[in-house]
Each structure stands twice: as structure tokens, then as C-alpha cells.
């Protein structure tokens, strides 16, 4: 980690006195900086962030997310992205700018229950806006949807993608990770699929354990899946 | 309740209470965070004979929609006792007492939770009393706070609860069921330990102004002890190495 | 659970694909139960209690025993009533308020399985014929919902009843008066075990978890007693079973019940 020691904090814990510039999950109470969540502190050029270890996904522009269509009206689809708010996917995203509600039927393209890979366009808290216009974005036809805590996503990806690559190579599975903690796993071999799912669950449960990457490797190799 | 001894000694000549405690001693408290799979956050507390489960969902969409607040998220609390939680089987339908306690606990948590950044949402806290033994609202409040933190709801402080009271003309900490029934005063307290603010306060009984002051101070001491247990529960789940969370 | 739960299309397809290979999404065989853990005496102040964990489904059952008036025309029998409630903390889609029809069905199916097996000898729970009897309430609360509440609640109630202690009452001045310190075991004659199965296309799966439950075409709960006789049935879901499928279900339930009964006996340490 960085050269400054990082501390584990709980809501209400004082991080420091004085007011360095406020970052995420930190508030000023009187003259003290206080954490608002369970997490660990990270010093970034004198400003203190608290990296949350729990909580729903809060959308950030450009994040890749996996979502599930939960409803639609004639103008847009409403998408569950594991956030406090449902995301909106406007019909014009698929039908184009000359989209016409009377002519273009949304349910022909995406129906309730469909799983999509999308990108956050706008994270205004009224309703996050997403798009499926882009390479590899759009409806996901095949695979198993696994849900983990968004706080564990960096751990599942690993340093430079090391953890996720290790799981993919060992099992032959293809894994798509959304920043919102939703993950799609597909694999031609049933065995590989079940092993990959087990590995993902293991990372989620033991995210804070040291040498997790080695532990996961051992688990994947132990049952003879290569 | 039928069959209870009427000559129960609340405080003997050695200053020992009916359950063996000293006057400034709380009952045994244990808390475990993250005990449910489906809830976003959860906690289980045993506070003396009280056994209480807390589950949190949210911030999430509000139904019915007319209850949503365009400026801030709202907090909803439901305190509910199971039929088998008390001496005489309780009807599952909500009683007036449960409705009042739900409101009081909600108002004890509101100063701590920061829902201004989640307009038009609701955060739901469900408190299920599996076994009641005096002081359920303080125990439930303490569990609720841990469950909210476990769910990642932003909070400016945790909230801890403990009751103080009076029995046999003596101020006591953490009133148990017998002391509540046969004693002279019962004062449940909810407290934000870092901000030093009391967010829940009720009283049954009679206290002189001086007793009132001392009773609150005693209760706050108890709250701080509960706070240590809350921190321990969250540390165990999130910060301990080698175990599964 | 509301009927508007979104069926995950991806999930139903994957479940079917795996079933064709003889597997399920959590790695189980089609006739395999999830791990079952039963703890008794978890609510010491109640007259009996049990906590069941069936996979990720969790139930707490509490027994309350108190004097009551008998039902009309059944003055020589005690009272047994079973209830169930899905607590709102068990799943994000649970609404508060009076129990909806599926939860009423759950309570009545669990009740019937226990009642029709004759598990509790109600004739031994009479204080004064036609006037005063002992009532035993089994209240189930679901604290975590991952499917198959029928079986989980049944096991919790059964284990709680087996380990419950009945106080003694005497009739004095026409009223039942508690005699302190005298407790007796519940009068148990058999151990009913319910096994719930679901059908997806032509596949029969035992102990569906919640994901599977939401994709079922039909389901059936079969309760058998210690003699291996069928004592209660409940079919649900919006589609049907062929007769052959039902026969297969009954075979599965009898073979599965043996193992479950052993787990219940172990948890309650009886020789019934």
C-alpha cells in the first residue's frame, strides 16, 4: 500500500483534526474529520479518503455496470444496477435520434429480465443515465449472474487484473465484472462454470485476507480443473 | 405474569441485585454483525436475556410513492415482537407499544444517519424481538445501528442504547425485567458516543431532579460500554484477518 | 413475496441447461438437499424452540403452551395451532402487513403435515373435559428467505415441538392454576417429515432454492410419518404434473424423509 499507514475506521471515528480538503466518506464535525462509513483511510496528496468496505453501488461516470431490465415505458427502460436508484436507458440509445414512440416498440429489443452490460453516462442522483452504445456493450445472452458487494470488486479484479485472469485461466470461464458488483460468468464446461463461481464467492468472503490470490489458485487447482 | 414471586429481593444488604449484578453493572452483551444473507446489513444482539435481530435494506425506492421526500431519503423503522418472545403468547399484529417504540427508535437513529444525499429513497430498519427480557428498545437500537453501518448507510456516528433506573431506592444500570416490573424508575437512553448527544430518552417512574441527573450520567456510562461491543462486532466482521466475513 | 418478482431470463435458461446435464446451479444433484442444521432451545424463555438453516434459508420456531378452551365438539382434545410469518428482513421484496395468501398457505401446509400425522397426542392435553385443555402454538418466523420455506418451517416446528416442555396445570375453583416446577415432555407419537419438490420442464428437483423456486412450473410438498405413510399433500404452481411424475415425487419423498428424520432425531436426541 502507500507509504502512509492506513487505518480502519467506523462511522463516527475521528480521522484527524483540522480540515484538509474533504473527500469521499468523510465529514467535518466541528474541527474534526470524521468517517461516515466502515472502511480504511487512504492519504491522497494530503487529502484523506475513506475507502468504504460495504454499501450499495454509487454510480460514477464511465463505470461499466451490469444491469437487469425491470420495467419500461414508451420512452425508456428502467434498469436495476444495484444502486439506490434505478438507472435509465433511453430508447434513443438503441433506436437512434429519430426514434419515434409510436413506431418503435421497446419490447422488441430488450424485455423485462434481460441482463445488459452498460456504461454510466451521467450519475446525477435523480436517475443515473446509462448507454449500451459501445464495444461489447448490450444484452448478455449467456452466463450466470453473480452478485457481490461493490466494495469487493477491486479485489476480484486484482492488481493489474491478476485475480480475475487467474480464475479465467484455471477454469476456462469468461468473466465480465461490473463496477456495481454484478458479475456474469460463462463457460462451456459445467465444471469450469461451477469452479469459477466458487472462486468468486471465495474472493468475496475473504477479500480482506492476505495472500488471497494464492489461496484461490490453490483451491482452483486442487479439484483438478485446468 | 403468573406465578412470579412477590417477595423478590431487588437489592440485598451487600448491594447485589436479584440477578447477581452490582448496581453499576450491565448484563452480558454480545453482538454479531452481518448475520443475514439477503438483508443489505444486519446484526444480532444478546443483551442479558434479550435476543434481537436487526435487518436493513436501502437506500431504496419508496413504495407507496407519495411517501417519498424529494429533498432527502427517509428512515423507516419497524420494531416487532415474535409471538414466542414474551411470557404470554403475543398476537402477531402490531400493538400500540410496538408502534410507539418503532417511532422512538427511528427518531433516535435519524440524527446519526445521513440520508440527504439519497432523495426519494427509503432506508428500512427491521427489528425482530425473538426473546424479550427488559430493555428491548435499547438493545434493538444498538443492533439497528450496527446493521445500518453494516449496510454502508453513511452515518455521522453510531448510536448505542442502555437503560438506567431506580430500584430499592438505589440508582441502577441496565434495568432487567423483574426490576422494570417491581422497581421505581426505568429510563431508556440512546446515545451518540462521539458526538456526545442523547437521541433517545424516556422515563417510567419517579425521580428527584438530582436522581434524574445521576441516572442519565449512569445510563451514558452504560451506553459507552455497549459502544465498545458494537465496535468489536464490526471489527470482527470487517477488520480481522483470516476469518470469513 | 410479491408475484411481480422479476424472473431472470438468463437464470432460467442456465438452470435448464444445467438440469439437462443432471446438475443444478449450486452444484447439487437433482434429488439432493442443501445442508440442514437444526439447533434447539434457542429461545430458552419459550416452552420449546428451534432454529433451522436449510442452505441460506433460516427459520426460528417458538412454542408457547398455555391453557385454553377446547374447540366445540372436540372437548377431549388439546389444541394445536401452527402459524408462519416471513419477516421483512428475510428478503427485500417482503412487504409488512397481514400475511398474503402464499404465507397463509405456508402456515396451513406446515400445520396439516404435523396435525394429520398425529404427531402430538392431543388427547393427553386435556385438563378438564369440554372445559379446559392445553393449547400448543408453534409460531414460525422466516429470518432469511432462500426458498423452500415449507420444509424449513416444518423441520423447525417439529424439532421445537419434540424438545418442548409442557407445564402442569391443576383445576382449582374451575380455573387452571399453574403448578410451578413440574414439566413434562410433549406427547409425541411420530415424526412427520415434509419433502418439497419442484418441476421445471420434465425435471423434478428436490429442495428448490429461491432462484429455482421462481422458475418452477409446478411444485409439491409430501409429508410422511415415521412408518413411511403419506399423511399430507399440497400441490402448487400454475402448471401440472403427470401421474408418473407424482409417483416419482412420492418415491423421492419417502427416500429423502429417512435422512431428514435422522437429522431431526440427532438434533433433538430422541429415540422416536
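Going by the order they are written in, the chains are A, B and C; count residues from 1 in each one.
Operating definition for what follows: contacts are C-beta pairs under 8 Å (C-beta built on N, C-alpha and C of every residue); 3 or more make two chains touch, one makes a residue touch a chain.
This one's a predicted model, so the numbers in the text were calculated from it and none came from an experiment.
With chains as nodes and touching pairs as edges, the resulting graph is complete, every pair of chains being joined. Farthest from chain A in terms of Cα centroid separation is C.
Chain A and chain C have Cα centroids separated by 38 Å. Inter-chain centre distance (chain B to chain C, centres taken as mean C-alpha positions): 31 Å.
In chain B, the residues touching two or more other chains are 60. Taken in their complex, chain B has these residues touching chain C: 2-3, 36-39, 42, 49, 51, 53-57, 60, 78, 80, 82-89, 92-93, 124, 126, 128, 130-131, 133. The touching residues of chain C, counted against chain A in their complex, run 6-11, 13-14, 18, 21, 23, 25, 27. Of all residues in chain A, only 8, 10-14, 25, 27, 29, 34, 36-38, 52-56, 84-86, 125, 151, 205-210 touch chain B in the complex they form. Contact residues of chain A toward chain C in the complex are 68, 70, 80, 111-115, 140-145, 184, 190, 194. Against chain B, the residues of chain C that register as touching in their complex are 42-46, 49, 56, 58, 60, 62-64, 66, 83, 85, 87-92, 96, 98, 137, 139, 141, 143-146, 178, 180.
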